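What follows is chain A paired twice: with chain B in the first complex and chain C in the second.
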Partner chain A sequence: MATETIPATRSAAAGAAARPRVAGLAPEWLLAIPFLAPALFFYAVFLLAPLLGTLALSVTDWSGFNIADIEFVGLDNFRALGADSVFWQSLQHNLFFLVGSVILKTTVALALALALDQNLPFSNVFRGVYLMPTVISLVVVGIVFTLVLSPSLGLINPFLEAIGLGQLAGAWLGDPDLALPIVIAIDVWHGFGLYMFLFISRLIAIPQDLHDAAFVDGANGWQDILHITLPLMKSMVAMVILLASIEALKLFSIVYVMTKGGPNHATEVLSTWAYFQAFTANNVGYGSAILVVLLAITFVLAYIQVTRFQVQEEI
Partner chain B sequence: MQRSNTIKGLVLYPVFLLLAAAILYPLVWMIYSSFKDNPAIFANVFALPSSLYLGNYVTVFTEGAMGLYFRNSLLISVVSVAGLLVFSSLAAYAFATFRFRGSTPLFMILLLGLMVPPQALIISGFKLMSILNLLDTYWALIFTYFGWTSFGILVLRNFFQAVPRDVKDAARVDGAGHWQMFSQIMLPLARPSLSTIAIFYFMWVWNEFIYPLVYMQTPEKYTIPLGVLFFNGRYTIEWGLQMAALAVATVVPLLVYYVFQKQFIRGILAGALKG
Partner chain C sequence: MLNRRRHHVSVLLLGAIALLLPLLAAPAQLSAAQEASPEAVQASGEVSLWTEFTQGGEGAGIEELVETWNAMGNGITVSHRPIGNEEFFTVIRTALAGGEPPDLLQYEGYQQTRDFAAAEQLTDLTDLWETARDGFLLSEAGERACTYEGRIYCIPYTYHTGFQIYYNPEILEANGIEVPQTWDEFTAAMDTLKAAGVTPIALGAIDGWPAEHWWMAFLVQRCGVETIYDAIEQDGAAFTDDCFVQAAADLQALAQNGYLSPGATGEDYPTAQAVFLSGQAAFFQTGSWFASGWEQTPPSFDVGIMPFPRFADAEFGEDVTGAVTHVFAIPTGAQNPEAAMDVLEWMTTEEAGAIWARNGNMSLIDGAVEGNAPEVIQELWATVGDANAALPWIENELPPGVGEDRVYSGSVALLTGEMTPEQFGQSIQEALEASA
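Now for the complex of A and B:
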């Protein structure tokens, strides 16, 4: 009864259906409008509209200049993708990058989180250093590493020669076999710190009692990690893998800055290929179709993430 | 315990130090090389500068328009972050307070924004901006960034929901309406969350690259990342100049990181764990 006397608009906990509307007070959705309007406006116009626009353009043929020239072509663009060998290469590169970068980031981040959780002095300093690359623009990172890897000057080749391993000197980004693995390595360099912090936050949340109990039972440090810590990290590992995968699909800047997709499409990914199609080759419809494929992959992963979260919240 | 710590240290510190070197050296190299002139760099890429040569920085700010890029980035970042804070806190209050039909689906649609890769929107976004006549204006970027409220709404909604009922009820007894409740009770309480979000958004907007690349055409309107790429494309063999431009581009995010590290880390955890 008590809740019924509180005006409906003020009660946050009770369900809307259960509460009678109090005369003279606006319904809640009306009160919510001014609070929601600005965020929803910009979200709808500048995020949702381009998102739907990408879908709409993907079934058209358009050079991008005159809106009157847009021609509806159904699924022709997607059929054309099937015959586009660069598209298939790009898709493969995206998946190779995703798998490589996710496995490396997760492994490095987890190993370091465990190592830094050993309460050794200066652990905090190292943590801070490892997270640092995350805040630096990928454009800066891309240019710096292009210079580091420059075959003529750079740091790597002269270093290899100086230590007598000159035969290992390579063309690096100019080498089609090495370019993509290098892009992966740089992405790991830039981003593993973030996931390391996610693991650390989980490690801190493990009650000390559990570790103490293991040690009382005669476990050593390794056994503690193997049988107590790691099993409790499972759900966090799964989440990091998902987050890092979604992040991996955002790949564009490093490739654009370092290789522009080259040499000879060796680092071409969906986003750079779509960018080329839309802005250089003026195939707006076709470029959009490539982006739709990218979006589809993203949403499959996002769907897994969202459904996983509901499971987690129930526990 | 003492002995095992020594062993751990003997194994782990070399790993820690090696990794720290791998992370710091390219950046430190970039910074000290920016104080060498080009012949000095080409004579020995590894060597520390023999004297503090500032010519690169002079050129970067005179022939290059680094000061202008800096100003553009600052303007766009400050306006964008301010708008994002206002819009996301307002919306978060609504989601945390009002019960109305469709609020959960609406919230889910907003969460979609966290997943969408920005580069998936550039082609139709470019057309949208040209229809709205916003291409090559700061507003093209600012409005686009205003669309990324999802993260702030998520974090603040969780915070507002966690404010104890007692606090909210006490304000109601005092006759506070929703507007007062929001601006005088909730926002001041949310200050730590707001600073977390602000830092996170600032880093993101400052470093954002793909939208300026697509939407900005006049070099005078470039933001820092695009400006650096443009500048370095003009001086491909002038490494000293390139290093100076890169150092200028890196200084703000690094400063913000060192001053607001706690907030930044909280932002990472909030964005990932509650997303």
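Now for the complex of A and C:
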């Protein structure tokens, strides 16, 4: 199939190159500009401009009250990060969240996708059920889980007591050792459904012939998954890991809604600490420097993943 | 060939329309923006007012103030924008930095006054204050909230008491407990309640400040107001001094002895309030703002109020109540400052003070609370008159990186046991020295 497609594409490209330009009409790339312009406009105004603004502010000292008070301080803000224990704690939490969230989301999503691909009864119902959390706002999810986990007014502790497991009742989000793992678990619950769908869409694209051939060669179900399905899922797994990693690093709303980084910075991440510095502690420059570090980490990670796991066509 | 050409022309036309659409829409957007522009506001005599008063007595009070003013029909109309407390400061900062502040602004005074005034964002209101000062009670305490380099930049408006404890009389009675007066009686009462399976204290300190308010209640007895101010101003006292550490140890002991509600370090203030009001805890220590909303939403039981219990060995036995907490100012970037000044001037009158007090707020205007406030507010206000000193919430006097980080987070760390009282004092002191 591929050998048929490639010459056809080449032929079309060659044809386009050889095609004489219609008199009075612009080349095709020029035609694209009006279509791209609105998107480019919003991209520039709402992404590039704030990004450049953050980069510029990161080398300044500014309280945030009067633009005239902005003072250039070079790399002082970045040097100050070294002595900021909460910054390092936040970075550690980000990395913990990244590893925990990405591994759990990918594993759970892949396992469920493989299970639902077996045409079990009610597969379609379960697909919908698992996707449902993803479509709920993360803020709403945070508020609901905060209420559910509340040791005073929530449901978990009374439930544990009702089933005779009262000794497991705890302070949950008020426990510095548990707060971050709980936030990760909730984020995984909220986000795995979308990735599961991505895996399912890839599974559907694997030709049945390959499975049939494996079975004819004597492979059992597990061997089929291990040697046929999973190798063909590699590019999608890489894609999911990349998306989940970026999502994990951008983490803000669930932490802000559920714990505001507490108790005592136990769930503080770079974005919440940057927000605090910029909007509460009157250190807009320093807060921007924290965000620049976060940005750099995200870029490096994305670069490594994109170059290391280039999406390849396996079939 | 003709079809292809037509196709290209269509594509070009479509592209041009897509490109021009935002431009075509721009005049309509511009005219809508002009309607709300500062010039239009000034022409129509509108005064924009931003406050953090969204509910309870504060929300009802500001709405009645605005309605009363607007009903006068004097050509100046006030439009009020209530903004939730959590995002209020961020919104103000953005508005001030962006040169689009309201004409009249409410905030919480002290360090904020100093920050805003240092950035030349507040209008000097010294003349207005000189005129109105005699009509205000606790004017010196009010000036403290509004002064920067000897000038007055805001008008103090509300007082809050902070160190009383609300209690559930039904729970106390059911457990044979008299209202405690001393700290020993209080701990004995809490031990009795604990033994009976009742949570003694409702606390929700995820945001830090509710735990910090307990620390402050201990501080005034352990250190005294003067020493606290000396430490804030780094003038002969430090947060590492014994009395500060002892107060932190007092706070930590509440958690260590199991007196706090189970979600103390992970729940927020509204949750703790709900725990107390639903009869799940016997005591709740918080400011008078808790009682100011009872007119609008009365509690389901007759809430008792007692003074903060005294330590037998406390070095400072003086009565300390609370502080001026709400102030009003006119930003230098206000589009209609003259009209805003007229409104603010009216807000310093007895009529406005009566409205504010009637809705459950401790107005600083002389006679307003006594003649108009609900009974519970009058009771709390009476303690202000009996007190020897006022003490603002300590975070309002400290740089925000110290007050809202080291003090807030540290207070919670004391409760979770992650910090010792000595480390707590050290952490605040270091941050304060670094911010100097």
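The definition used in the following text is that the second predicted complex is superposed on the first by the 265 of 315 C-alpha atoms of A that agree within 3 Å, B and C clash if a C-alpha of one lies under 4 Å from a C-alpha of the other, contacts with A are read in each partner's own complex, and residues count from 1 in each chain.
FYI, a contact is a pair of C-beta atoms (placed from the backbone, for glycine too) under 8 Å apart; a residue touches a chain by one contact, two chains touch by 3 or more.
Since this is a predicted model, take the numbers as computed values, not measurements.
Engineer: Based on the superposed arrangement, let me know which partner A:Pro181 touches: chain B (first), chain C (second), both, or neither?
Structural biologist: Neither partner.
Engineer: Let me test your reading of the model: by the given contact rule, A:Pro158 touches which partner, first (chain B), second (chain C), both or neither?
Structural biologist: Only chain B is touched by A:Pro158; chain C is not.
Engineer: Considering only the touch criterion stated at the top, classify A:Phe279 as touching first (chain B), second (chain C), both, or neither.
Structural biologist: Both chain B and chain C are touched by A:Phe279.
Engineer: Which holds for A:Val135: it touches chain B only (first), chain C only (second), both, or neither?
Structural biologist: In the superposition, A:Val135 contacts chain B only.
Engineer: Based on the superposed arrangement, let me know which partner A:Pro38 touches: chain B (first), chain C (second), both, or neither?
Structural biologist: both
Engineer: More residues of chain A are touched by which chain, chain B or chain C?
Structural biologist: The partner that reaches more residues of chain A in the superposed model: B.
Engineer: Taking the superposition on A as described, I'd like to know which of chain B and chain C A:Ile143 touches: first, second, both or neither.
Structural biologist: In the superposed model, A:Ile143 contacts chain B only, not chain C.
Engineer: Residue overlap on chain A between the chain B contact set and the chain C contact set?
Structural biologist: Looking at chain A, the two contact sets intersect at 31, 34-35, 38, 64, 67, 153, 279.
Engineer: Quick check: in the complex, which residue numbers of chain C touch chain A?
Structural biologist: It is residues 4-5, 8-9, 11-12, 14-16, 18-19, 21-22, 89-90, 93, 96-97, 99, 115-116, 118-121, 199, 202, 205-208, 261-267, 271-272, 274-275, 278, 280, 399-401, 404-405, 409-410, 412-413, 415-416, 418-419 of chain C that touch chain A.
Engineer: Please name which positions on chain B make contact with chain A in the complex.
Structural biologist: 4-5, 8-9, 12-13, 15-16, 19-20, 22-24, 26-27, 29-30, 41-42, 45-46, 83, 86-88, 90-91, 93-103, 106, 108-113, 115-128, 131, 143-144, 146-150, 153, 165, 168, 172, 178, 182, 203, 206-207, 209-210, 213-214, 224-226, 228-229, 232, 239, 242-243, 246, 249-250, 253-254, 256-257, 261, 264-265, 268-269, 272-273, 275
Engineer: For the complex, which residues does chain A have touching chain C?
Structural biologist: 22, 25-26, 31, 33-35, 37-38, 41, 63-67, 69, 86, 149-153, 157, 169, 171-176, 179, 259-260, 262-265, 276-277, 279-283
Engineer: Can you tell me which positions in chain A touch chain B when the two form their complex?
Structural biologist: Within the complex, chain A touches chain B at residues 9-10, 12-16, 27-29, 31-32, 34-36, 38-40, 42-43, 45-54, 56-57, 64, 67, 112, 115-116, 118-120, 122, 126, 128-133, 135-140, 143-145, 147-148, 153-155, 158-159, 189, 194, 197-198, 201, 221, 239, 243, 246, 249-250, 252-253, 256-257, 271, 274-275, 278-279, 284, 287-288, 291, 294-295, 298-299, 301-302, 305-306.
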